[in-house]
Each structure stands twice: as structure tokens, then as C-alpha cells.
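Next up: the structures, one after another.
Here subunit A shows up in two complexes: once beside subunit B, once beside subunit C.
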Partner chain A sequence: MIAKVSYHKGHAGLHRVTPMANVLLLVGFLAAVLVSPSILVKLGVFLLVIGLLVISGERVGSFLSKTRFVLLFGVVLFIAQAFSIREGNVLLSYGLVVTDSGLLAGAQMAFRFLVIFSSSVLFVLVTDPDRLAHSIEQIGIPYRYSFVLVLSLRFVPFFRKEYRAVRDAQQVRGINTSIRGFAGLLRSIRYTLFPVLVSGLTRVDSIAISMKGRCFGLYAKRTIAYKEHWQRADWIVLFLFCLLLATSVLARKYAWP
Partner chain B sequence: MSYVNGTKIAVDSLSVRYADREELALGDVSEQIDPGEVVVVSGASGCGKSTLCKALCKFIPEMIPAHVEGEILIDGLSIRNIRSQDIATRLGLVQQDPDSQICTLNVWQEVAFGPENLCLPREEVRARVEESLLAAGISHLVNRETTTLSGGEKQRLAIASILAMRPSVVLLDEPTANLDPQGAKAIFEIMDDLRKNGKHTLIVAEHRLVPLLRMHPRLLLLSRGKVVAHRSSVCHKDLEALGLRADWNLDLPPLPRAEKATLYVDRVSFGYEGISLFEDLSFKLWPGEILGIIGPNGGGKTTLLRLIAGLEKPASGCIARDGDPGVGFIFQQPHQQIFERTVRRELEVDGLIDSEDIPRVLEGARLAGLENAPPLSLSLGEQRRLTFAIALSRNSDLLLLDEPFIGQDAKNVSWIISQLVAARRHGTATVLVSHDIPLVASLCDRLLYLGERTFIGKKDEVLCQLREAGETAFTPTYWEQEQG
Partner chain C sequence: MRDKSNAKRSPLDLRDLVLVALLAAVGGVLSAYIGYLGNLINRLFGVPFGAGQLIAGLHVLWLLLARILTRRFGSATLTGVTKGIIELLSGGTHGIVIVLISFVEGLLVDVGMGISKRLSLPLTMIVGAIATASNVLLFQAIYFSGVSMWFILFMVALSAISGAFFGGYMSWDIYRMLVGSRIVSSFRNHEIGRSSSSLKRCLLTLGVALALLVGGVYYYTTVYDPFAAPDKARIEGALLAPYTFDYTDWQDQMVTVTAELRGSSTYVPPREYEGVPFSIVLQQARPEQGAQSVRVIADDGYEASFDDLTLLLEDQKILLSLDKGRLRLIAAGYDGSYWVRRVTRVVVR
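Up next is the complex of A and B:
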């Protein structure tokens, strides 16, 4: 199942900050859950992400519905980890053994996954890819690389649509592409992946012609008509970034629970 | 304004052979195009129209591998040793598929993309964006996200993006092929405006010729890569003489009365993301009947086919069939229905066509000799005929056809029509979505218009209602008679 997550225009919360500030915030979230071993910090960061989603005008219900399969995967991670670790005090022993260390490790793993995923979704929802590309150019990264990002995002809805159309075509023709065994997997790849890829490559050709036909790559630099300026909201995000880093370093140093 | 003064193009004995093909895509084409001219390049699908456009801009062979012989001179300078980007400020190409040429996510950014690449000062970029949006009639869309635009709006955006490069020659490669009649009409009007402002040479690869007649173009007719006819200041008579104006006066006999309908659509409502496409839509489709669905892009035509095929579920109401629930369904994009490595294997996937019958089926579909060809290497028109042949092989009592005529020349259109007429005779009902208004008006027993309003009924009644509603682009007159 492909979650339908993409940028849409908004004017609240993180929509108002410059794309580079959003990049910084994402780095802050990732650092916090990767550096800090504290479950409380991870829980706090997860709640902060959800809070920022709300402040930015995103509906939590819609977020949960779009990402339910990934969130479910987080729960699966928790359960798998909780049952696989046998060290620590036994809390439940009923065929399967559940220990306090297992629960803690499961929660660590699940929250780490959920924060990485939800903060990435938050970033995609509130960051205008065009503005992000310009910001990247502004800090001196060659524009060819920044456009890779924009084009990748252009292709996401296209691949989603193509995938659905190909699956529908299989249904109409009564073609069974259930993955049973290696042969089934190969058949599924050939009947699904191949048509989607071919169509993607055709589109890449047209886009390449369209870009070259408008002098993309003619010069080493290009004009950035829309310049990003650091605003007051960006300073708040910068403060949040510093706070996240400081918290995760302190949590690690003083072994917060 | 600082347009490059008129550009002169000279093509001398140009031949193009694609890397993976044996036959020539263009053979010994020599032509001269003067500043300010309007040149229409026409011909059947695969005749070399797109190849000529791409070769003039040097995308062939720079981006599409091909063996090229002969010369193309732009203002006397051979393009052999220069890059396509060096030509882009003189020649700008608008491609066929509006979706495949947009590379940013915002209208303003898209139009600014070219001038930004030219390293122009910011003020100049802004001025060009404003001017180009105005010329393409889409200033009101300036803040929109490109993904939210309709097909027609996207094509106008593609034109604006090319105009922002201020080329003196604008090439349009079947710019209306994927558009609804309204969108296509707007594109023809923009072309006419460009001609009237006198700053551009227009080279238009197009098969809908009547709306272009008001521009008094020079016509180049291609067939299998060769120029087979020239006409200057082409008119209706020329089109008739060259067999470029098909008259689909089919005059089908009335259908015999049937007791049971093939399809029942009962008070069906459906919408996406809070937008209603249709509400309480009801009709019955009788055995043999051909129902034509017309209307603007995004009006719900394809969605209705998907609902009938069971690929979507109605929000309310019901769709019922009498008898076999299977359908013969051809999608608008044929590659989405193609899965196998050869045409033969593709025909065998469903297990509905005997191996011995395959040559006969292919000959019928005008695909003889392509048995072992990879289906995805076929032209779009050929792919459509292949999927149509597969849909027919299902022998279902219901055919759902989404734009089967795109990319077909007159002979292939005739073949598809003959199959539909035969199916009609045998009692197979057909739901046909098409933007080819004159053909739909001639072939179909009834029409369903899905737009802001919904009209359904006998074709004359619906066309009359459309005329009264001011939707002239959806009436045959616009496409058959010279305008203004």
C-alpha cells in the first residue's frame, strides 16, 4: 500500500518557515532519536512532531489514515522486539516470555521508527519542493542536484497512478499476479513493475527534452528568481533545533530513562 | 520586447533512422521555412511528424539515438556541431503530452524555469513570466500548483514556458492530441493569436486540420517519412482532395427492440476528495447500442467506465449487468494493459485466442507481421489496436472503450468502426469515450455529456442542448467548418 503523502500549500505553522529551517528541524528530530537512548525523549519528540502537524494545519486523523499501514508496522516492530528479548525481569510467561527489557527495547525501536517516519512525513507535507530546490541552490549546491529532488517528487504521484492503472488492467484481463513462490514473484515483477517502469522511462525522456529545450545545463549557474529570506519563524525553529540537540546530548550523558 | 528577428530554417535531404529500427523514420526531406510562416505537418500516426520536430530542435540525435543524414541549417548555420540548448532560444518545442513536459510544481516556477537557466537578471525573468502567461491566457493560474491543472491548462502552461524563452520559431507536436475539445479549442486560439502578433514562425504537427484553416497555413503531408504533398494557404478543398477530411456519415440502421438491457445504471453518484463528478446518474444500455460519452477532461468519463467495469464502487446507487459480468475494456493509455514480451504472447495471456488464430487476428487489426515484435515498441496507435483486438476477443456483451481513435489514421479508424458496427449487429453494447466529436456524433446511438451539467439522450437532442448551453467545442460544427 502506498501512502498518499505529498506537499500541499498551507499558511500555518511550519508552512511559514523557509525550507532550510525545515531541513534543520528534520535533522534535529533524527538526531534526537538516534543519539538519545531515552524512551521519554523519544516519546516527547513524537508528541512534538504530532503537535507541529496540528500547528501546521494538518489533520491528525487524515495523517493517521494515510499512514496507518506504516504505523501498524511500528506496532509490529514493538511486538517482535518485545517477544524476542528474554533478558530482564519476566513480566509474563505464557508460552511466550515478555520481559521488562524486551518491552523497553520494543518501545525504543517502535518510537525510533515512528519519529523517523512521522517527522519525514511532516517535512514532506510542509516543505515546498521548488522552494527547497532554490534554497539548496542558494547555499551553493549545484542546481543539477537540487532538481533531482524536485523531479523525484514530481514522479511520486505519477508512479502511484501508473501502478494503480496497471493493477486495474490485470484485474480486467483476469491476470493473477499473486506472489506465490519464486516464479510468482518473477511473474508479478514482469506484469507490474515492468509496465510501470517502461512508462516512467518514456516520461523521463519527455521531461529531459522539455528541460534541455529550455536550456537546462547550458551554464554552470542559473538565476534564482525567488530568494529565500530568513524570517522570525525560522529563528524559533532554530531554537527548537538547538533544544533537541541539547536534550538528546544531556539524555545520553545522564542516562535519562 | 527583444525577440530574435525571424529565423530561417533550411532542411536539406534530411534522413533519420532510429537506432532500433530498420526503416527510415524520415527519408530525404528537403524544405525551407521562412520567418513568420505557419506550416502544418500532417500525416498518419508514425509518418515522421514528431521525428521532424525533434530533429529540427536537435533532440534527435542528441537525446534520442538515431542515424541522421543531410543538413539542417538555422539562419544558414548547420546545427550539426552545436548543442540543443544553443538552439532553444530560437526554436521552442511544445510536446504532445502536457503532463510529461512540466518539471516543477508551481506555475510561476515552471514559466521562470527557462529564463532562469539563461541566467537572466531577476527583473527580466519576472517580466518574461508575466508576458508569457498573458500570451497563453493563463495569468489567473500563476499561483497554482502544476499538479492541480487540467490537461488543457497544462498544455497552455507548456506553451507559456516555451514562449518565455522568446523563440522566433514555435514547434507544436500534436499539442491537442490529449486534450478535450474545449482545451483543444483554446490551444488553436493561442496559435492564431501567435500568428497574428507576427513575431513567430509556427510549425504545427497536427491531424485536426480544420481549426487551423483560418491561419491559412502551408501544408506538408508526410507518409512513411517522406513528403508526399505540399499545399500553400491550404483550404477545405485541399483537405478533401488529399483525403484529409474524413466524412463519417455512417447512417446505421435502427436497433431491433430488446426485452432486457445489457447494463443498468441506477441513480449512481460518485466523487473524489469531496468533489462530486455525477449525481443520481441513471440510464440503461440496450443490446447493440453504442453510447458515446463526451465532456471536458476531469468530468468523470473514464471514472464512469471504471465504475461500470467494477474497478470503482459508486458512493450511492447501483450498476447492474444482465448476464456475463466480464467486459472488454480498453484504457486510454494502452501500455498500461500490455504485459508480455511479444505481441503473440500478449494475445495468448488471457487464453482466449487460439495460437492458430493469431495471424488472422493480427491481420484484422492491421498488425500483420508484428507477431514477434515487443508490444511496447509498437506505435501508440498500434498498441491501441492490439488492446482493442484483445478486448474484442473476450466476446463480452459489453465493450468499454476509452479514446480508441487517438493515433489512428483514417484506414485504422475505419477498421475500428467496422468492428464496432459488427459488434452492434451482434448485440454487443458499447460505451465509447472520445474527444472526436464528429465521429462520436455519427457513430453513436445516444450521447452522454458529463461536464458541469449532465445531458443524456438521442444524439441530436444532446448536441442541441450543448449548442444552447454555449458548449460549441462539443458540437461537430466547430471541428468540421472553418471558423472566423
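Up next is the complex of A and C:
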């Protein structure tokens, strides 16, 4: 199984940045690897992500061990591309053909995956989900919709508990949920999804009535308990975002290697 | 219990929003379970990955349920985006890409289910199939651009079948079960039934929508290149020395020819053009023995195909010139359709 990564409180590096600045940085990383065809840019961005992990007080060793199975997928991507592309100089022809263009394309895709995944992990590690959910309202999205994320995050621990209870109940009753065929798969899904779903749906009305009772949705705007303020660290992140965008467009325009 | 204050401004009422939040949370939490099932199926088939697409439809189940239960356009998209963010923040293995995938799946469910007011099993299954298949196309666009199209089509078919069953059929089945047990009796009731004529319209519309979607994804991921270097072109294909042609490096090879452009709608009288002979550009790349034709491709996907490579290697009147800062093929002596503006690739076959 893949170890889960999740947010934890910190005071260094990107932990001090507002959630929206972290979103901006994540978008910058994505733009850099999706727009730029340069392998050097991708390598540079990957090193930047690792650097930011260190600055934010995260341990690179722990990050690598938690995500090693996912990182292996990068190797699979590399191999898939290397064997799929036949154009370019042939380097190896032994049943399967490997060309220099194939290896280059494989490296491109592997780095693209690594950057997207590692920057997402960095974002998750340093961004408080609750603050993120509340920040969405501050960028102009109506609070009726931004509150869906807040509410959803509140439901997550409840459903995790319910899911665990359902699985425990299956074990206690000796229900075999192993998959040895299509019928087994269906049984497993039916015995797991339905109870969790039904336990949630029965609460919809009471939650809606409770919110209505508190006059949720009465006014077009609502007061905010905690407002995010941009500080120097956020401006540095904004500068990094612009730098990433400019680098990726220039790399594309002038065909950097 | 529809709230009146903001209801006029919002298509989703308070209970719809709670339902959306709830289904997104269930979907986000159970994605770990679905991933676990996927690993079991991969092990069952003895493959490292791929077979998990057999249950990809379970990711769309929540979006379909949201749309069916609320009957409001936008509910599936909102569920998809929220579910994607929950998965991302839970440390999901797809990273930020899952938000994009869930958004597109939700949007397709909203559009597809909006075709008919009548809830029918075939429509639900078709929408489930299309929405689920979109994940393969998006993954292909982001990570697997060089992989064989047949493999991608196989994966699309696999996920579409999964979407039809685990997405479409199961959401229909769950909805009927919820109505039967009166858990959702207070939600808006659907007119459930089947109509052969509306089904035909649905199939036709969804077929056209799918074709447009596939065409759009293909064009924007493999053909259109808006950020291509303006004075450079990749010379590739059946070559011993493929390279990137840079106009500025070939200043000492410039020649001038007089050519007349005769197109089907454009005519430019004879005038002088300056540029690099195309034959030298091709010779530099050393075409392999057996190479026969050349495709000259522009950044918007337009291309001209020359069938005789030998003739091109001898022709001194075809030039690669610079026109308004972009590469342009001047095909003197050829029809206007062979003159290509904004050249970014030359492929020898």
C-alpha cells in the first residue's frame, strides 16, 4: 500500500504562505511542465520542488520513502514511452527497438509525472485544508459553493470512520470480500459502498435543516472569521510563479533542450 | 424545504449543496478503497497496472448519483471538483491531475444527463461510459502522448464498459433502492422510463459530443502547438541525423528564387523569395534508404505531403524562408496548397 501524505502544522517556508499563494505556485509548476518541452526546465523545476520541501522543514528521505511506489510509476512511464517511439537514431534493436528520441520522450514524460506528483505532495504537506476551503470564498466564489468544500472536509473523518466500521462488521460476520471473479467484485462493492452511502444520505435532511436554522444563505455575503493577508513570503511565491511561467514560455518559444 | 433567500441566484438549494458535499466526501474517502480494488484486479490479471480501469466507473458513480438525486445542472461538476480536491488533499496518488479529471467527468455527466428530462437506464449507462472513458483520454494527453493509439482505444473501451456498468447501472440501481427504501423519498422524484425515440436522440447527440471531444483532445494535444519556436522546425522521421532546423544558423546558405503562388483562392504574381533550399535542409538530416515521402507540417496542423523525396533532394527552387518571423515553405512550381506557412515540423517517411 502507498503511505498517505497529509497536512501537518509547520512554521517554515511554504507553511507561512497563504493557501491561495500555494495554489498559485502549484499552477506555476503545472504550467512549467506542461508548456515547456525542455527536459532541463523539468529537471530544474523538480529540483526546485525538492528545495522548497527542504525549506518548508520537510524531510526529503521521508518524502521519498512515502512515495516510492508512486515514483516507480515514473519508471513505468519512461519504459512505455521508450519502447513506443520508433523515430530517431536506433540505439538498440533486439526484438524491441529503442531510439534516442524514444529515450528522450521517456525522460520527458517521467519528469513531467515526477514534477506533477511531487509538487502536489508539497502542496498537500504545506496547505491547511480548512484555510484553503475558507480562502476560496475570498477569491470571489459565492460562499454557498465554497462552503461545499468546507462541509465535505467535515464529512471526511465521519466517512472514514463509517468505512472502517463497515469493513470491521464484514470481518466480524465472516463475509468474504476477496475478489475471485466478477460476482466477488460485485459483492465486495455492494457490501461496502451501500452501507456507507446510506448512512450518509440519512443525515442530509438534518444537516440541511440545521444550516437553515442558522440562516445559512440568508445574505449574499457572509462575514469571515479569519481573513488571509498577503505577506512578504506570498509576494516571493508570486514572483516564483511569474518566473516559472516566463521560463516555460521562453523554453517553448526558443526550443531549449 | 427550498431556501428562498439565495435560491433565485443559485440553481442548487441548500439540501442539494449538502448532498453534493456528502457525495464528494464519500467519493473522496472511498477512492482509497477503489484503488485497493484496482490493485486486487491487477493482481488477478497478473499485470502491474491497467486492469484497474475495469472499475474506473466507480469514480463516476458519485457524480451520476448527485445529478440524479438533485436533478440540477452543475451538481455533478461541483461534486467532481470537490471530490477531486478531497482526493488531492488526502494524498491521492494522481496529484493535482485528479481535480482536472473529476471536473471533466462531472461536466460530461451534467451535459449528458441534461439531454433528457426523463431518467432512463440506457441514458445513464451511456453518460457513465462517456464520462469514465474521458479519464483515459486525459491521462493519455498528459502522460502517454507517444503510446500506441490502439492501446489507448483498448483502455477507452475498457473504461467505457466499466462506466456503463459501475457508473451508469449501479447509480440507477442505487437510486431505485433508495427510492424503494424511502431514503430519498423527499428528494425530487424522476419520471422513470424508457423512450425509444428519445434514446435515439440521446445516442446521436452523445455520439456527436464524444466525436467532438475526442477530436478536440486529439487536436489540442498532438497537433496544435501555440508556443512553437517561430524560426525553428523539427526535422524528424526516417532519418539518420534528425535535428532542429534553426533559420538563423543557415544565413550563409541563403538563395533567392522567383516564384508565383497559384492557389485555389489566392494568387500572388511572380516575385522574389529569399530562403534556405529545402533540399539542403533534408540532406543535412541524411534520409534513410527507403525513405520516400516528406510531410511539411504547420503549427495549426495544416500539412503538405510530397510523394517523391528524390525529386525534392534535387529541387533547388523549394525554400524554407522567414515570413513575418515564422518559417514558410516556398514551393516554387507547385500548386498553392503546397506552400505552408508557420512550419514547425518536417517528417520524412
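The criterion applied here is as follows: the second predicted complex is superposed on the first by the 177 of 257 C-alpha atoms of A that agree within 3 Å, B and C clash if a C-alpha of one lies under 4 Å from a C-alpha of the other, contacts with A are read in each partner's own complex, and residues count from 1 in each chain.
Note that a contact is a pair of C-beta atoms (placed from the backbone, for glycine too) under 8 Å apart; a residue touches a chain by one contact, two chains touch by 3 or more.
This one's a predicted model, so the numbers in the text were calculated from it and none came from an experiment.
Q: Based on the superposed arrangement, let me know which partner A:Arg112 touches: subunit B (first), subunit C (second), both, or neither?
A: A:Arg112 sits against subunit C, while subunit B stays out of touch.
Q: Based on the superposed arrangement, let me know which partner A:Tyr7 touches: subunit B (first), subunit C (second), both, or neither?
A: Both partners, subunit B and subunit C.
Q: Go through the superposed model and pick first if A:Leu197 touches only subunit B, second if only subunit C, both, or neither.
A: The answer is second: A:Leu197 touches subunit C but not subunit B.
Q: Contact-wise, after the overlay, does A:Leu149 reach subunit B, subunit C, both or neither (first, second, both, neither)?
A: second
Q: Count the residues of subunit A touched by subunit B and by subunit C, then name the partner with the higher count.
A: Looking at subunit A, the partner in contact with more of its residues is C.
Q: Regarding the shared-chain residue A:Ser84, is it in contact with subunit B (first), subunit C (second), both, or neither?
A: Only subunit C; A:Ser84 stays clear of subunit B.
Q: Name the contact category of A:Pro129: first (subunit B only), second (subunit C only), both, or neither.
A: In the superposition, A:Pro129 contacts both subunit B and subunit C.
Q: Would you check which partner chain A:Ala208 touches, where first means subunit B only, second means subunit C only, and both and neither mean what they say?
A: Both: A:Ala208 reaches subunit B and subunit C.
Q: Regarding the shared-chain residue A:Gln171, is it in contact with subunit B (first), subunit C (second), both, or neither?
A: In the superposed model, A:Gln171 contacts subunit B only, not subunit C.
Q: Now for A:Tyr219: first (subunit B), second (subunit C), both, or neither, which partner does it touch?
A: both
Q: Shared contact residues on subunit A, subunit B side and subunit C side combined as an intersection?
A: After superposing on chain A, subunit A residues 7, 129, 147, 151, 153, 158, 194, 198, 202-203, 205, 207-209, 211-212, 216-219 contact both subunit B and subunit C.
Q: Given the complex with subunit A, which residues does subunit B contribute to the contact?
A: 54, 57, 59, 62-64, 83-86, 88-89, 92-93, 95, 97, 99-106, 109, 112-122, 125-126, 129, 145, 147, 158, 161-162, 164-165, 306, 309, 311, 326-327, 329, 331, 333, 335-339, 349-350, 376, 390
Q: Considering only the defined contacts, which subunit A positions touch subunit C in the complex?
A: Counting only subunit A, the residues touching subunit C are 1-2, 4-7, 26, 30, 34-35, 70, 73, 76-77, 80-81, 84-85, 87-89, 101-102, 105, 109, 112-113, 116-117, 119-121, 123-124, 127, 129, 132, 142, 144-145, 147-149, 151-153, 155-156, 158-160, 163, 178-180, 185, 188-189, 192-194, 196-198, 200-205, 207-209, 211-212, 216-220, 249, 252-255.
Q: Enumerate the contact residues on subunit C facing subunit A in the complex.
A: 1, 3, 5-7, 9-10, 12, 14-15, 17-26, 28-30, 32-33, 36-37, 40-41, 44, 48-49, 55, 58, 61, 65, 78, 82, 85-86, 88-91, 93-97, 142-148, 166, 170, 174, 177-178, 181, 183-184, 186, 227-230, 232, 236-237, 240-242, 244, 246
Q: Where on subunit A does subunit B make contact in their complex?
A: Against subunit B, the touching part of subunit A is residues 7-9, 128-130, 147, 150-151, 153-154, 157-158, 162, 165-166, 168-175, 190-191, 194-195, 198-199, 202-203, 205-219, 221-226.
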